[in-house]
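What follows are several structures.
Both complexes shown next keep chain A, but they swap its partner, so chain B is in the first and chain C is in the second.
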Partner chain A sequence: MASIYKTLSSNDITTVRDLLHEAIPLTASIVSGTYGDNNIKVYENDLFESVFDYPYLSSSANHIFDLTAGVSNNSPLSGAAVAASLDPTPKINIYNEMAQILAGFDENGSVREFDRDGDLSGGEQLREVFVVNFARLLTKDEIKKQSFTLQVLTGGTVTSPDSLMTISDYKALTQYKINSPAGEYGILYTGSAATAGTGVGLIYYQAGVAILTASLFDGDAPNYIGPNGANSSVAADNFETSIDLFSSGSISGSADAFRNRLYNISFNNTIEINSTIYFCRANNNEFNYSSNPTYLSASQIVVKNDPQENPLAYVTSVGLYSADNELLAVSKLSHPLEKNPTDELVLRVRLDY
Partner chain B sequence: MAFLDNSGDIILDAVLTDTGRFRLAKGDGTFRIVKFALGDDEIDYGTYSRNATTELKGMTVLRTPVMEAFANNAGSMKYKLLSLTENTHLYLPVIKSYANGNSAKFGSGTAAKYVVAVDKSTVDEIVGTTQLLTTGVLNGYQPGQSDHLIIMDQGLDTGNISQAEPLDSQLRETQYSINMDNRLGAPVQPTGTGSPSSATVSFIDDDNIATYILSIGTDKNYISELPTTIDSSLGLTSISGPVGTRLAFRIQASTSLRTNNYLFTVLGNTGATSIGNMSSYRYIDSTISVTGQTTGYRVDVPVRYVKKI
Partner chain C sequence: MAYIFKFSDADRVVNLVKTNPRVSFFCYNGLSYYNNQYPLSGAFSASILGGPSGYVSLYEQNIDRSGSINFANSDVVSPAASNTIRDPFGYAVANATDPTSYYIGANPGAVTWKVKDGTRINFKTVSTKEFNLSEGGNPFYNDYPLTASIQKFYYSAASDKMSASSQTSSGVYVSGAISYLYALKNTMNYYAINNPAYEYSSSFRNLSASTPTPGATNVGLVTIPSIFYGDTIKRGSVNLKFYITGALMGELQDTNQNGSLIQVGPPGSPGSGSTAGVILYNEGFVVLTGSWDLSAGSHTEDYVESGTPATPSWINFAQTISSSAPACPQSSFALDFSGSHKIPTLTLFAQADKGDLNHSNNPTYRDKNTQILLTTGSTGYTQNPEALIKNVVSSSYPDPTGSFAKTTYISQIGLYDKNKNLIGIAKLAKPVKKIPGREFTFKIKMDL
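So, the complex of A and B:
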């Protein structure tokens, strides 16, 4: 019986999963430089600000990450006395929102604080934090473990920093944590030799969120940090410590201050591709003729002179069909491929999801 | 020891067609790939040098550039490769329009086409006082009121083999698919004078192209065996050699075409070339594709839907 379709058996179909990674570099020139603040969108609610890769009023702009800041209820900065000049509630709310999603709740139903070493049974908590929420456009399915690096300028003034601090998820490939309701996370250290309990932040791989302790900027004095960056004098607008910043500035002010100290961020994202591979097997006695109108001249096959010659046809496409012969997917070869009775072909057709 | 030649194992990336995406989005289980076909749409076998030396025979064909896949399901995989058990076939069947008598087309030459009058006033205008529908005009308003129809014959269209020879059974079409724009019309039975029933639609894709699968076992009104005694020299078939089967159908115009002018405005034009007694009308040009499900041979039939202004 002549046929133009061949049924795929279960042995002809398999599924595979591939992980693709892209390198994502974010330089300080994007975050605070090239576009002034035209690529920084500040919202009326002042709970966070968004960073774009181009002035955000342009349709070409892509949202790359959000910045915000939060303090725990247990932080001294949440107290009315310290925060008399500014209502601490927005920062507390932000901290609680991020913590309940990323750190979860304890057995009493209270929001857990971000834990410095990821060991929830004890140790220090990160109670005053900068939060970097990366857009899914960049992180895709997740951030690749042990690929995250963030560099901040520290010491001196905003315009004349003393040093460059590199923060990374060192050893995360083998030492990541799984006790978060938001998936896997790693501890951020300032050096590869850093030991447990000396982390300065957390990186949540699937959620695409970095938590950084505000105390990053509280080392060697003076260590000025402020919202107006290079445009302001040290005395007028900048603060000597991040504690001063948090207790005196708004969330967007804190976010601006962090941006002005940010030097570089880089990581690899991960795209999970699930594929079905169809093994389209053309045996020696199959697909050797064509229904192409040019294949015939007055019903005679044009590629052979006498009946004893082998027929042949050329393949340029593979179509995948439903049971009712509807074309669901199609793939093309890069060049025509000859098929004749002396050849067998296995065309592996991959359909990605 | 040399390396193995694994060039016969090729990895290709497939793209979903618009219908594939449509079915995937529906989530009703209709997206299920169960079979494959190989196509050669770009190939012009006329460039194959049958009489050249072995290595040069297919040189031009192999250099044919292949286009990227496009997502329109109706535009891809139009011509498929065919599996036959013997390698000794020198002739393959074709499907040919039998444009004669009641199935003649309107016009002549490459402009010949079937004309479908979509409503009563159009039919009345064309008929005029003659009480006869013009040759090549189908009554799309009441198909049962006219014996005009479309006929496609299948067989080996060659004078090199006697028509008395039987067609190889594996080359005989027993199932046809008809693809046509569902917004314009539907195929109906070729016989009967009342209200012949429409064919059962198999599916309608996202571009409103309806597919009707007709089988000789279940759709005897549409498909019939051509007798081996049929004589093409007497004008009884369009096939010169051994004959296979015949597909016949009439067309029922859609309600949309009958009741409003929207599609004529969007897709069509106005015409002044007389059709019978009608000289002013709106029209939409379309094609109906007929494909043999056994051999994959496909032919496009030009159809013009007309409506009196």
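So, the complex of A and C:
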């Protein structure tokens, strides 16, 4: 009689996790320039703007990231430094919303500020920040550590910048932080030395959010961020500092200025593939016969010419059954395998989830 | 405060939703058009989806991109001194190089990649030999988009449908090969039990034979990838139309829903009522054998080979989309069918009864003037047991507020497994106000 069912033991089943990645390049041609602002969605509430990879009225367009800006309650920009006509509350609310999710709360129940070096016991905080919130389409399960690079053009004018600043999560593979409720995060540096305390932002790998200090654009002419008016080719029309920018513009104005200085973003994402592998073993004395109607013709085994030969069968598929013999899945071989009493087979069946 | 309730059997319903999306292909002048879509050109690409006309892009991820990422760059490929994984962006950060130096083209698209490891999971585009020869830790990559479309193959009666493995006179073994048509032999014979039209080889034809073997015949084969139809093509939904200079010359339908494609129109047309082929509903193949002249001698065109005029017949259906065929601009073809998708869905009813779900541990639930931490030290941590709850009851006046009543706003529902692992979250479009006297039932539906 043909063997039909064989119970899989715990030694025949194993689970594995594999990582698939995507290299994601986002050039400046997407975030500013090519499509005008037709791929930038600015909302009535002016709390953030969404960047698409194609004019967003097209059904083919994909949302790639949101851009916003926030200031902490403890920032000087939360009060008198802000132009009277501009209410700082939206930026404060944005900062608090982001910070409570990404940085969490302290022991008093107050929202923590973004910490520059990730050491919550002291040091400087990032109080005026740009927030780049990547779409799940791009980050998938998480951003891969030590692969994130963001490049911004600074200095000169928007149309003729004279510096390129490269920001990366240098050494994050070994120096990432775990003290955030949103998962693991790394420190973004402008130099590959990754000197403690010199970070300019944070990258939250599972949340897919990059925080960048606005002080990137502080200082002299080389750090001008740009446009303070219609004429983006005139140096005098630049915002010279982040103070100027944050205190003189709306959130979308700040986001636009940042977006027009973005040169490139690149990172690898990670997709986890969880699999169960079933090792289906056909021992020498098993599965050498078939109950298939075509196996016999006139009481003779079709694939045997001589009655004295060993029994022979061809394995074409493996069925996986539940404990009560319900067929759950069928795996097919690319070509039939010969099975006879002189051979044993191990068929490796993998189920991905 | 988080509350966990157990779903009863009455709260769980498993359903199967069956959908039959209509699919249409129109083939003309060397191109096919899927659901009448014309490829949009963008700033960087002639087709923003990345595939030619008539093709569907699997993820539609790289919209209007041109170029790729250089995984073959010598920086990346050559073994590095450190044990870093040698993908371009990881290499760029580890070695402080400019990642844009690994870009190819003005606006490269995303590239999927993975490292060779013990799981042996690999891209189908990488051969087993190439995979085995590669060192562990090396990345393999695959460009997007992944595309699919219908294809047309023409097998003349004279062509070999298979070649057996052989050995040359110098002793070299040559692997054999079989055509797509030959590979369908077992499948077609399987369905022949119900419909003799499926018989691969019979007294009057033999699809695997080549002339001068009796029964050898010309065959047209249209392949339909499963991404267009799902589980199976809906029986009886297939419709093939053959046009010449815009006039309908022939129409095929499976009127008996048994797989035979019968010419149903136009009325009085040559071959009307005859079976021109069969369709494999589960596998997505149309096998066409009807070779009668649909134009009754009034038209010829180069369907299969340039300079070889042929009469319009079903075996030449959609031949224009074959890469080796001439454009045959006077003929056009329509292929319509309905797919079939079975979508298992799970519906859960989450009850919020009166008296339940009336408290929250959200920090904003308590009055902000109330200190939550009472004492902390080396021996203990005590929270304030008299922390006040913020009164959010509205009033006609800004101050004072209304009389205090416990009020929460339900904004989301978490789904937990039996080990209390959070496995899903359902979010409400807007929070629902819950007071002790109100009860709600939330219907949560998800596709399995």
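We take it that the second predicted complex is superposed on the first by the 322 of 353 C-alpha atoms of A that agree within 3 Å, B and C clash if a C-alpha of one lies under 4 Å from a C-alpha of the other, contacts with A are read in each partner's own complex, and residues count from 1 in each chain.
As a convention for this text, a contact is a pair of C-beta atoms (placed from the backbone, for glycine too) under 8 Å apart; a residue touches a chain by one contact, two chains touch by 3 or more.
A quick note: this is a predicted structure, and the numbers were derived from the prediction, not measured.
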Which partner does A:300 contact after superposing on A: first (chain B), second (chain C), both, neither?
first
Applying the touch criterion given at the start, work out whether A:35 contacts chain B, chain C, both or neither, answering first, second, both or neither.
second
In the superposed arrangement, which partner chain does A:170 touch: chain B (first), chain C (second), both, or neither?
second
Is A:8 contacted by the first partner chain B, the second partner chain C, both or neither?
first
Using the touch criterion from the header, give the chain among chain B and chain C with more contacted residues in chain A.
B
Chain A residues where the chain B and chain C footprints coincide 350
List of chain B residues in touch with chain A within their complex:
8-17, 19-20, 23, 30-46, 48, 50-51, 57-58, 61-69, 73, 76-77, 79-85, 87-94, 156-160, 170-171, 177, 202-203, 205, 211, 213, 241, 292-298
Please name which positions on chain C make contact with chain A in the complex.
40, 42-44, 48-49, 60-61, 63-64, 69, 87-90, 92-94, 96, 98-100, 103, 106-115, 117-119, 121, 141, 363, 371-373, 376
How about chain A: which of its residues touch chain C in the complex?
16, 18-25, 27, 29-30, 34-35, 53-54, 58, 60-62, 105, 107-109, 137-138, 144, 146-149, 151, 166, 168-170, 172-173, 192, 264, 266-268, 273, 275, 350
Within their complex, state which residues of chain A touch chain B.
1-8, 13, 276, 278, 280, 282, 285-308, 310-339, 341, 343-352
